[in-house]
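For reference, chains read A, B, C and D in written order, and residue numbers begin at 1 within each chain.
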């Protein structure tokens, strides 16, 4: 029946403008992602799918993106990103395909003293582009605590501290677990944060963080050094942001390593 | 070991101020919710847990909320809300407990002509308070299409239309499936929206919506009439919002039914 | 010319459903508001305007809301809210009119030691409803610092602290300056926050906050006591939220005073 | 007095990591910007200020960013961006300085038939970096209406349409008014959107848009052609996004022109 309806998208275009990316954006879908401990994890993705459109065509058949998503949402990981992108190129006859998936990722974490367990949420994002080569970027946002070294030094007692966030964007040469990257980042701040802490844990974290004061400048430098040393990391962008407890704005630092 | 550390929260307070709600807010956790078709659905909740705090105590032991969440996240539904709230009252020795859970809920929907299947996301929220009685509010946000009756009437061709959203907040006397409420709402707009539509579906929806033009005023009235007639609905708030295609602001209508 | 086009909104409706609120939502407009120090302040408002619609009419003439907004945006304050609402009732022949205006409000604040000056932003919101009587609610969000009393007590050094926010919603019997309410709230936390601080200020604030540790429970109680004592405050809701530096969620407390 | 307190930031660092950007982020400030019609416009900016930090220093004196902002907020435009960035480089002894300012910009617009006037809001953003050369990017987001050509073609009546947004990022060789860029973009969609429309305007816009159906692909192509032809535009990124009225996700297209 679809054949009876004119296919406007397939008509020729004469404006001589290639379109770099065209597709669907901000579609939310339940997905499964790889999990180091439990093999697979159920979560919810916010997803963009794009292809390039050569100058000769008027439009793109958007429903095909959803059909591809339906086929592949049972597992999305850096392991099958290339396969999905190849399907997109094939189905659209495209030169380049792009797939972006952002999702909350949960890891069970034990408190440092009581060993009480709770789940921590980390926002992750895969951004993949396939032309002849696959370019895959993995982004992870990790909440941390930072104690201000200046405040500690100049004050007779206490030191201002706050929640911060470290965000990294990585190109990898080999498979690396999200869990391992997060652990590396958390150990580069004044302290990790947790969902469940009992009093002995709170004492431990307060003292640990006070003993390890760090500016956003220190945090990005420590994360940079750790990622420089991590096997498989070919490219890295590192951001640290503090929601300053004494201001209503953020302190921010950024390093790019090619 | 926790016993050796002073329990500041448990100390007496002399300011004579009862606190209505105290607890943890905006914690994200993977949860399971009831699903009409598949029995259970994995999703991600944004969760608040509060209790009241009488004037005689200084503070609340926040970690206990996370412990309760850990125990119950395997299933959260209007069926076990009361049980969770009772646990909260018991664990905190509280008079009133509050639990709020917001989550994206996914339903597989067939396109009207091609019957192609795709997943639609609806934002749902349970807000429960337990004193001696349980007060449970179910909120659902449903995206819809609306065609403007005025634009259709006065224009020689076409009619402006747009995506809108209907949001309802309901108190129920008996169990009602989220799926049934959503279907009722979708049939009260110019047309439902879908994730996957083929060309014959697009033709069908365009014509159906054009034949059923509705203001936000019409939408809230139709939803009101449908919910008034729905078995089990004791109280309803109904909002309709259009992201107007000819403005950069919304048209909005609201009805409350006690 | 408008007369030649059929007025669909003015047609009769037979569904017997009164609509509580109908109008325009989330329109952004440059506005002027009263300022204690500079008489008037330029800012940007996000504005909702609604009226009720009796069951006998099909729709509302939405463009009239924008006309009213055009006339009155040169000054919006609790002083002329009633006048605007009366215009709305008159223009729409409505029984009830609602006007909601949210805007960032800026106050110049001197640092505690250096007296260096910077601007602080506070989100404010007026919500007014006029039936026979005016019901006007003023909401203000004030960022603050809080030091955790438990962490301070149990730790050998340091104490976790963070940015928090106190939000109040007030019904007033007489005119009260936004500036005075903000000052009251800021003095009820471990410390105010500032945009511009030099090193001696940072030392002062760190020590002051460490000497005045407060849970969210303490903050809402102190703000409650201060607002109970403030002349002109007839009703108050008080919320305190901490973006905990050791968690990825918030601590929260809420008091309502009728 | 500040001299008595140790300057931790000025201490040497031995980790050998240059920091690309360090500074303050997301500070909101009332600002004035150039306005084609009224010379100057009051608005509210969300502002980031960064400099680079060489490997030899431990930290940055963040308060200096706020001092610079205090001095220059009375006028911010592409005319004095370079001057502000030079001050930043000088004050911090930096090699590179970055200033990012995002703000709502308001333009009075007459409806097409009734000529009724209302204000339209456009989100604008200047991003400037100064090393030896100034690199200045101007971004503007313009809401528009789009009618779907496929839906129009295959349907016996009506055509789905929706609000969309065109976002451009431009590098300019010479001064171009924001107003002129916005007008160019608005004439490249099915129709502009307005805050205030009377019935004859609504008829005009509905018919005009129906007569000019455009995919996101068409919109980016038309804007690309118009910007290619605009004097002073050296580089352009063009995005079009439709909040599809028949889906709960967006259609999206992107072109980059170097």
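By our rule, a contact is a pair of C-beta atoms (placed from the backbone, for glycine too) under 8 Å apart; a residue touches a chain by one contact, two chains touch by 3 or more.
Remember, it's a predicted structure, so these values are computed and weren't measured experimentally.
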For the homomeric pair chain C and chain D, should the interface be classed as same or different, according to whether the shared residue numbers exceed half of all numbers used? same
If every chain is reduced to the average of its C-alpha atoms, which one ends up farthest from chain C? A
Please report how many Å separate the Cα centroid of chain A from that of chain C, as a whole number. 34
Taking the mean of the C-alpha atoms as each chain's centre, how many Å separate chain C from chain D? 28
Could you state the distance in Å from the CA-based centre of chain A to that of chain D? 25
Touching at least two other chains at once: which residues of chain C meet that condition? 5, 27-28, 121, 150, 154, 195, 197, 199, 203, 247-249
Contacts from chain D onto chain C in the complex sit at residues 1-2, 5, 7, 27-30, 41-44, 63, 66-67, 70, 104, 106, 113-114, 116-119, 121, 195-200, 203
Within their complex, chain C touches chain B through residues 5-6, 8-9, 13, 15, 17-28, 48, 50, 53, 58-60, 62, 149-150, 153-154, 215-218, 220-222, 224-225, 241, 247-256
In the complex, the residues of chain D that touch chain B are 120-121, 143, 145, 147-148, 150-152, 154-163, 191, 193-195, 197, 199, 202-203, 205-207, 209-211, 243-249
